[in-house]
Amino acid sequence: MAAKVMVKELLLMASDPKSTLLMLLMPFLFRFLLPGFNGPAFPAMLIAYLILGVVSTRADGMGIKPGLSQFPVRMRDHVLGVFLSQAAVVLLAAFLGWLYMLILGPEQFMAGIVSKTLGLGLLLTGVMTALGLWLRPQLSRAVNMVVVILFLNLVIFAPAAGSVFLPRVSVPLTLGGGALGFSLLLALGLLYPPRL
Amino acid sequence: MENIFDIQNLGKRFKSFQLQGLSFSLPRGYIMGLIGPNGSGKTTTLKLMMNLMHKDTGEIAVFGQDHVKFEREIKQRVGIVYDEPVFYEQLSMRRMTGLIRPFYTRWNQAQYEGYLKRFDLDETQKIKTLSKGMRAKYALALALSHGAELLIMDEPTSGLDPVFRREMLDLLLEVMQREENSILFSTHITSDLDRVADYITFLDRGKLVFSQEKDSLYEQYRLVKGAPEQLTESLRRELLGVNVGEHGFEDLGGLDIRGEGLLMEKPTIEDIMFYLTRENGHGR
Amino acid sequence: MRIVLSNDSRQAIWEQIAQQIKDAIMKGELSAGDSLPSIRALARELRISVITTKKAYDELEKERFVDSVQGKGSFVAAQDSALMQEKRLKVIEDRLGEALMEARMLGLDYGQLEQMLRILWEE
């Protein structure tokens, strides 16, 4: 049932293709129009923008009410489904980032940029999804924006090509930490479901 | 004959309100009207049944199954129309339905389209542009298109024009042609129930006042009217919540009330509700 | 079969239904073997509760006006003509009784009542 919810959430996100497409194109616009934009960290930017795009389309102001009142699901199905759908988005974004990197040649970009961004992205998505369950829609939307912008900043101001992204943490640590953090937040979401 | 639902000792505490010791059931194949003043706990009861809120105490069984353990199975067989239903507003009805459809094993597309036509709904319209009446109709179409055996409706007719209210009642009676179906209908527009309900459950300030066959209510209460002089002390004591005006009084009494020249009438459900709530101490 | 319900009447709705069906049977508008609508169909048509129509049919069955066959529906029972006669006499008796009560309340005496009856009879 949670899988059905996940699919439903993904379909819901895709129902506004215009804004998601815009979000997909934005990084490219920045890349080509703004001089000195940090090329080597570009895949991370792509990922971040995608997450942002998805996050902002979720903010329909209605919160979780439709998901629970119009669908024959339990609260935990809904929570699990939502978390899974967000994870799917991050994975998809990472895949696209990786594809981009592959096409242009990995040596142009920072080492570990995609995998570490994936880890970070999972962690942050977990945080945003959990907060989205507990906070009022407008508030959670604001928090989401802040989180993604901070993430973007981290990526934009990272140093140049050939260097290592986030040198102080290893890839396995970032990936593992991200996945672990995500799972913990999911568990919290299931334990403390939103009140209607 | 099995009860379509059984509520035993339901309780839930809020900051300023409490639902206490609610117990009532509905046999399969009948319509129950849930009535009570605003804030009496009707909506809360329905939400608790659907596990949209967690109860503090009590047991609820729907189709003979515990409503928490078998929440998903039960929801497949229940069609519910909430007061001011909430959808994904930015979607068209078609898209919204497209998201809902895969969740129901007994979804009947032909039936759904039939209802859309009957209610004169244009599926391509975005939900946020719909009027209150159209939203209610859409919600109803959804509730009736997945083979539900229990239809739960929270204030379905408030905000609807009288013409559609009549049509909706006819629709409900159509649903009831199948013996397996039941309807639980919460409303404060009791004129609808006066005719159509088989059972009436009356809540007041979180407590159950009564839950019984509607016909037996008429056998239990009479509307008593008379001139002010006829309102003797002993009569006043026998009546429930007197409404005295300059030209006469009107009140609810049991069948045993006797009096010279008093007018006795069959009360409406609204009368019964009005006088019993006054008896309970609202605005005396 | 036509049933017209009145909300104002002293009679409970189920009584009105039963009464009108009885009348129809006694007047011959409905014959033995005719099928009656199911309690649900009738409830829907008249826009009333199923329990009410069920009560009406139960009453009719009790008084042997109607037979219900499980799975098939309800049918007008064969009327024993002596029984029928008796039932119709009872209706007249009841109605006369009502008229009598009205007369008494008005303060009429027997002679005045008899006179009224004669006038009506000769109409």
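Letters A, B and C name the chains as they come in the text, with residue numbers starting at 1 for each one.
One rule holds in what follows: a contact is a pair of C-beta atoms (placed from the backbone, for glycine too) under 8 Å apart; a residue touches a chain by one contact, two chains touch by 3 or more.
As the structure is a computational prediction, the values presented were derived from the model and not from experiment.
The interface carrying the most C-beta pairs in contact is the one between chains A-B.
Among the chains in view, B has its Cα centre nearest the centre of the complete protein Cα set.
With each centre defined as the average position of its C-alpha atoms, the distance from subunit A to subunit C rounds to 75 Å. Chain geometry summary: the mean Cα position of subunit A and that of subunit B are 44 Å apart. Subunit B and subunit C have Cα centroids separated by 33 Å. Of all residues in subunit A, those touching subunit B in their complex are 1, 4, 7-8, 11-12, 15-16, 60-62, 65-66, 68-75, 77, 195-196. Of all residues in subunit B, only 29-31, 169-170, 173-174, 176-177, 179, 195-199, 213-215, 218-219, 266 touch subunit C in the complex they form.
The touching residues of subunit C, counted against subunit B in their complex, run 7, 12-14, 40-41, 43-44, 47-52, 55. Residue ranges of subunit B in contact with subunit A, taken from their complex: 47, 51-53, 71-72, 75-76, 78, 80, 82, 85-91, 95-96, 98-100, 102-104, 142.
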